[in-house]
Structure formats: C-alpha cells, structure tokens
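Here's the structure we're looking at; comments come further down.
Letters are used for the chains, namely A, B, C and D, taken in the order the chains are written, and counting of residues starts over at 1 for each.
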C-alpha cells in the first residue's frame, strides 16, 4: 500500500484479551529512546483465537505515516520486535437491535471504525478523504455489503466535498421511514467533530478522540479533555466519548 | 560473520578521494537524532576505480558492535542510506623500501591496519584477540602470505598470551640478521600502546588512536590528546601518531 | 548482596523509588509488576484540596524527553487517604506521599494531614513544580523562602521529610543547604527543567500552560551533575532522578552521590521499568563484585 | 521574500548564524558549503592570549545531545587576526568574534583588540561557559557582575555588542535585563547547560573537567523557553540557539522571540546543516506565504 497509510501486523508473544472496537494499543516505535514514548493506535482487525500460525492471535493496524514514530513503524521489517500495551481504554458502546448504526470516518480515522463494519455486518459507512490515492483497498469495505459512501475533497473518488453532507442527506432520507434511535460512531479529525456539533445531527453521536499520550493507562494525566462532567483522560475514560459531553475550546 | 564483528559495505553516491590506510570515515548510524553524532571508522578495504557495479567505488568496514551506534549499523539492511564524511585525518606514513614493516593489531584494531597487508604484500601481521570466536575470516590474512602470528587470551587460537610477546620475540630474531629500520604500525586498545611504551621496542612505532569524536574535521577540538608537541586533535593531526610523541595519563 | 538503604530515617529494602506523578497512586501498576519488589512508591503530588490542574495540551514529546504541564491535578489528600491508601497498605513497600500547597499554611496543613494517616512512611515536599505561578515558584528558587517553608512543614510532621529540589536555579548547592537548614531529612534531586515547545503551524505553544517541565533521558546529564553538586554540599541522603531508564543509569546517579534513585518518565515507556532498573543494578553489582549498594554511594573518582 | 534581519546594528542577509565553538574559525567549512550563503559566522571563543583548554576527555555523547568541556581552547586574538581573518574577509558574510577574558580587564583588552581589526562586524561576549571556575562563572550568573563586565566591554568597542547568556540561572529574564543595562545591543540565548556523565565501569567522570556543557536537540525545549522569557524581558534583538537541527526548529525559536538563530551542534552532525536550516526556513515561509522573516519574530500566540 503506498497511499500514505500502511498496514502493520503484530503477533503478540503472550495471549491478549479480546479488544472492543474503539479500544487501542500503545506501540513503541523501535528500541531507541528517541522517539521516547509509545504511540497509540486503534486496530482495524484482529484474530484472537489461537491457531497454529498465530498461537497468541494477531493484531492488525492501519497507520498513517505523519511523523517520527509512525515513519519508524512504517520501515519495520518482518521479525522486528515491538513493545505493545493493550487493549486499552473504552471502545464504542454496543448497539442494540432496535438502533440504527451509521459509521463515519475521516481520513486515517477509518482505522478506528472499520472494525465496526465487521461486527455490525451491512452497516452504512461514510468515509471522507482528501483524494483517491489515500484510499485503502476497497476490499476493506466488503462487510458494508456495498453500503458505503465516499466523499473526497478533490472529487477524485465518490462525491466532491464533505462526507458530512452525505451523512446529513442520508439521515434525512432515513428519517422518512425510520423514527427509532440513530447512532453515529465516528473517528476523524477534531474539526470534523466540531462540524458535527454545529450540524446538530438527529442522532446519538459517539466519537473517538485523539490526543498525544504518554502512559496510555490513566496515570500521567497528560491526555485530558474537558467534558461536561469535568476533565477526563482520553486513554482510560475514552477514547470513545459521547460527542455532546465534550467541551471544545475555540 | 557472527563473532561480534560485522562487515559493512558502503557505496558512495559521489566520487570519493582515494584514502590512505589509517585514515577514517565518519558514519551516521541511522537518520535519528539519537545517537546524534557520526561515528569514526577506519576502512578495511576499498574499491576506488569506478566500475559498472560501483560507479563511485566501494568502501568496506569491519566493525565491532560495542554500543548504541555500532549496533544500529549492524542492523542496517541493504539499501539503507547513511551519511558519510571522509576520508579524514592522516594515515600511516609510507614505508621505504629499506625499512622493515611489522603490523600489529589488537582486537577490532585489525580493521584499521589490515589494509596495510594489501599495500605491503607479505608484510608480517601480529594479531592479538581474546578468543577464537572473535577472529574474522582467516581469508582476510591472505595478503600476509602466511606470515601472520596470532595470540589469544585463552589460547583457543595461536599462542596463549600477549601478542606483544610474539612481537618482541620476532624482533629479536629479526635483529640477528637485520640492522636496518624496523617500523611498527599498530592499532589496538590504548592499554596495548602503553605496554609497547614500557617494552621500549627497538623500532619506530606508529599507532592509530581512538577517542570519542564529534566533528571529525578538527573544529570541535573534542578529540584532543596530549603530545610532546602540545595538544593535538586525533581526527586531523592523527589518528596515526608516532608512539613516542604521545603523553599517556595515569 | 545488601540493597537496603536508609533515606533520612526511611528504611528501604532496595534503592528503587518511583517518581511522583509518573506512577499514579501506585495501585494502577499492580497489573504490570510486583509492587512488593520496589523500595518505595512515591504517589502523585497531593494537596489539601482536590486540584483540577491545567487545561488540555498537557504533554508534548521532545528529543529524548517530554514536556508536561499537568498542573498538579490530584484527588486531594482526603480522597487519597480514603480511596487509595487502604489498597496500597497491602503491599510490602514504603509509601512516600508527595505533597504541595499554594501557601505556607497549606504546606503545613498537607504535612499534618498526611502524617496522621496510617501507612504513609515518608513525605516528599514538592517546592519545585515548573507549572505554577511566579510567586509559588519562589518556594523552590529563593533559598530564604525555601528554608522558611521547609521549616514550617518540618514542625508539622514526625515522618522523614524529603524536600524535592528544582533544577531551575543558579546554585543547586545553595538550595540543598537551604532545605537542610529548614530541617529536611533527605533531598530529591531533580524535578523537571522548565521548557517550551511551539507548534509552528498554529503558532501556539504545545502546552496550554505555555511552559512545562522537561523530563526523560534528555535531562539526565543535568540531573547527574546536580546530584553530584548537592551531595557535595550537604550530608543528608539524596534520591537521584532525571531520565533513569536502565540499571546503568541508576548506578551513574548513585556514583554521583544518590543513596536511592527514582524512576520517572521511564514508567510511561515501560510500566515495569522500575523492576528492570533494579534488576540492572543487581547485575552490575554481581559483575563488579559489590556486596553493599551503600559502598557505591558518591563513589565517583574525581 | 525578505530574509534580512538587524541584530543590534549588525545587518545580516539572513537570520542564520553559526554558533561559536561549533564552526571552528569558519574557513574549515568552506569545502562543505558556500559560506556566502549564511548570515554570519561566529568564530570559536577568543581570548587575549592563546589558551590550551582542558585535558583530554573533552566530549561525551548523551541522549540527543553531547557534553563538552573543551575549556575555551583557542589560538588567541592576535593569531586569529593574522592567520584566519584575512581568509574570512574573502566571503560575503558577517563575522562575529566570540570572546572572553579571565578578568574584567581581559574582557576589555579582548574587546578593544578585536574592534581594531578589519573585517569583524560584531562582538559576542561569552560570560557563560560552564567549564570555567566558580569565580568566573559569576560573570554569567550574578546580574550585578554581568552588568559590570558588560559595561566595561561596552566602553571598549563601537561594534555591535552581543552578550551570550548562560542558561544555568534561576531567572534568564533578570540576566537579560542586566546585560542590556550594561549596554548590550543584542543577546545570544543560550549557551550550554551544565551537565555531567560518569563511566560506571571506571567510576570516573567522562570529562576531565568533571562537568561540561550540554548541547544539541536535548536542550531545545529549555532554549526555546529561555528565548521566550528573555524576549519578553528586554527590547534588544535575540539570537536564539540550542539544539537547532532543521528549519522548523529555527522557526520555533523565531516565533518564541529570536530575530536570528545560531546552528551549533548540528554542524557536527552535518557540516552543511546551516544552509539546510536556511533552506527549511525558506520553504516554511513559502508554504505559509510569509514575505518577511521579521513578521514572524515573537509571533507565538499565547
């Protein structure tokens, strides 16, 4: 894959707990002390039941090479060792049968929510990207059973413009036939979330937040966000939050 | 090679000057800022005349993995890029036809002087190591035409004990038939040099010094050594010095 | 092999301490390591009343280090004593309560409240957080004020009193002397160095507090130097810290003059770092045939 | 795109300066880069008489940084003027002579001797070397003495006088004010931070001088913070330095308040670092549509 995103497969050397979509792992890029800290990543998929090839299962990540740590991860070769801590944090809440789930991803945010399409087969996926080249394999969208909607900034794939407009149209269409609860599970840049707040969507929106992290387990208090219930740490109280609870600065 | 030493081949992307044995290159282990500084290494061999495979020639290093930087160099894969500066410093002086050259190496010091056996075909090599496992391919000693003498600390190869004793015996033997100038070109730990001073060898001894370096080009003044002619910088005034000029502390 | 050390009246089975603010309230790490193995746990800095700390934008990674401006967020002394201490008491390790106040009176209040609790073995007085206001910072940078606030806290506790020094000073020796004159039984050296980072795209500081404290391997040479200088200036034992990642790093601090060492930022990189540092110390001692860790303290040959 | 800046009367074609002691006497780097491309070259610290510096054991690498205790070895002002300056004059770049003395009188002597030479465009006064004795160090850590020695040098030169501050102080703002009160036209912020490293096998300090100066990326957050604080305290222009490796790092210093930047340790890692930093600054300005570098100075949004 050479679209800025790359896939990383990790075979744990001890058994891991089954992760919930929206949870994450801390990965250490290399053995060096620079970069110093582990980096948080959601998983796109996993194999948890041991088999011959993967006695402790397999974790699959989709990563955007944006800086020092992610570029080191990109250059790892088969056989390299990594420090891994996880699964960590609280994932997306379970969706009830009478609820209608819509999944929204912006850019590399796809990595955190793609797993939802596997758990909730046939769920609608809304995916916004800058340009066609960025898109991971469309094979990845197979669990949506064709029920995916793409928007790109440059119109090179899907509709030109914001994926949130697609989402909004879809919801008003849906509302014609459905009056139950709509849940939106989203992962994307914070700007996308702020836009969602402004749109005042007729749905319960849960989003996965990204902040720099040090410990990943709630002890350093470095990844705090302001919520209506006071400061919360993204790594332990989140990373998934109800959008309405978050207080955005500026 | 898995004896603690490893070979590193560098194909320069610009033409380089022909180096003199005893000169060195500064290599940057990786692109990271930790380790920060380049590391100095002599070369064991080189191809300078361009050919199809190596348009800018080839540099060959023999390196002991002793710390952070050398271990990164050890893990480099084919195709990785390196920053290289060199050739730097002053190498071993030319040997006149009427002089008798003896080459002495202690441990990884072999890397700096092995090239002398190629330039001065059939020259005698004295090589001291800890144990058999450490020895690079004996193929490397081919230019000595069998004229090499090994001593190991544990007696697992060659004579048990100090290579300097072999050297001393060889010199007294040689002196029976030869009264001309004997030159010794040596590279090894500083302890070996101090022992050579104490032995007061009947020869002109030139040694290659190792000190931590920052710039490698004489500007930081970090690699200073005390000599009878005042402070000198190893990277520019050396690394090869006449042993009698060096003032050893302690 | 004797690993036990005495830090101003606080006996530790080994010289490994966790640094305040980098090990939560201790219990969170029970799933990553055997807490019984470490000499002491220093808990997150506590104040008489719960504190919210600084707004987000609290940490940022820098070359071989990190900046933090948590702003001393904590649950408050009462909640610590009621909710965390009972769990901590179950472990066979010493508990050091790191504390601070906004005024001398609050320091006294905090010291008294913590001393009354069961299961706290020593107090570490933080006068050196770089994320507080200028007035507060004087507690840790003006020797006269240091002596005054330490003396006040000294009267409020019978527990061993460890004073944690700021590296953001011209003379660590003078600060060490002031703390000892005030009645400190031991010193912790060093807290974080004040630093700053700016996002060149948004032009905003990476931390909401503008400046924060630099920790991690980047600061180790500065920390080793300050331990060396403080140890020459005073006779009380020193807990050395600042960028310790390995047993070898810890030995460096001990040779410089520290009687114990604290593992800080390394806990984030590896939650089991403290026991691995201990392991490294033991290996070094075995390799060098050292029977008693105390024989290494201040052993640098200058 | 305007890159030219004015540093207290010293006009530079661009804000890139080389840091003293990391670029030799300048000419050594001519084979690695076009010296005409950089704003100014600051040469190795000069004293009235040649100085031998410290014994070997002068440098040691640390995490993302290095310690040095060269001890201000230099060929002396006369040899510099006679042997190096004629070569340097051939280049279209400004020459800043970094200087020091052991006494106030020597500072004055050095300033006067350098001012009399042809081809030196500004003086940088080093009162902040961490490898000197306690008494000397007071020049850079005691504000009253700083003001006094700067005032004395001020009278001895008509050239722009840049004073280089030590980071080993409680308040960089106070030091900046003292230097400006003494008559500094500009400030260099920062010199190295005092540090120490110990070889745990031999138990000896890595540096013969025991302590040395820490430089490189490790110290960048501290340097950025000090530039920010100094820039708020005084009105004179600042040359920012400490761990600059890239154009982005340089922009960080400029946003913090530096009018120019010096590239130091990076020259060892890459002899052409200074021109690459300049290139990076230009790219940043192009990308962000910035016409004049001066519009970025102190542009951090707090």
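FYI, contacts are C-beta pairs under 8 Å (C-beta built on N, C-alpha and C of every residue); 3 or more make two chains touch, one makes a residue touch a chain.
Treat the numbers as computed from the prediction; the structure is a model and nothing was measured.
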Contacts common to subunit C and subunit D (chain labels) = A, B
Request  = Sort the other chains by how far their Cα centres are from that of subunit A and give me the top one.
outcome  = B
Query = Taking each chain's centre as the mean position of its Cα atoms, how many Å separate subunit B from subunit D?
reply = 37
Remark   = For the pair subunit B and subunit C, the C-alpha centroid-to-centroid distance in angstrom is 46
Ask   = If you average the CA atoms of subunit A and of subunit B, how far apart do the two points sit, in angstrom?
value = 54
Query = Which residues of subunit A are in contact with two or more other chains?
reply = 33-34
Task = Could you tell me which residues belong to subunit D and also touch two or more other chains?
result = 63-65, 216-217
Chain contact graph, described as a line, ring, star, complete graph or other shape = complete
Query = Given the complex with subunit A, which residues does subunit D contribute to the contact?
reply = 63-64
Residue numbers on subunit A that touch subunit C, as the complex places them = 28, 33-38, 83, 85, 211-226, 230-231, 249
Request  = Using the touch definition up top, name the residues of subunit B that touch subunit C in the complex.
outcome  = 33-34
Key: List of subunit D residues in touch with subunit C within their complex   = 62-65, 67, 141, 168-170, 193-198, 200, 202-205, 210-211, 214, 216-222, 224-225, 228, 243, 248, 251-252, 255-256, 284, 299-302
Task = Could you please specify the touching residues of subunit D with respect to subunit B in the complex?
result = 21-24, 28-29, 44, 52-53, 55-56, 58-61, 63-66, 68, 70, 73, 216-217, 245, 265, 267-271
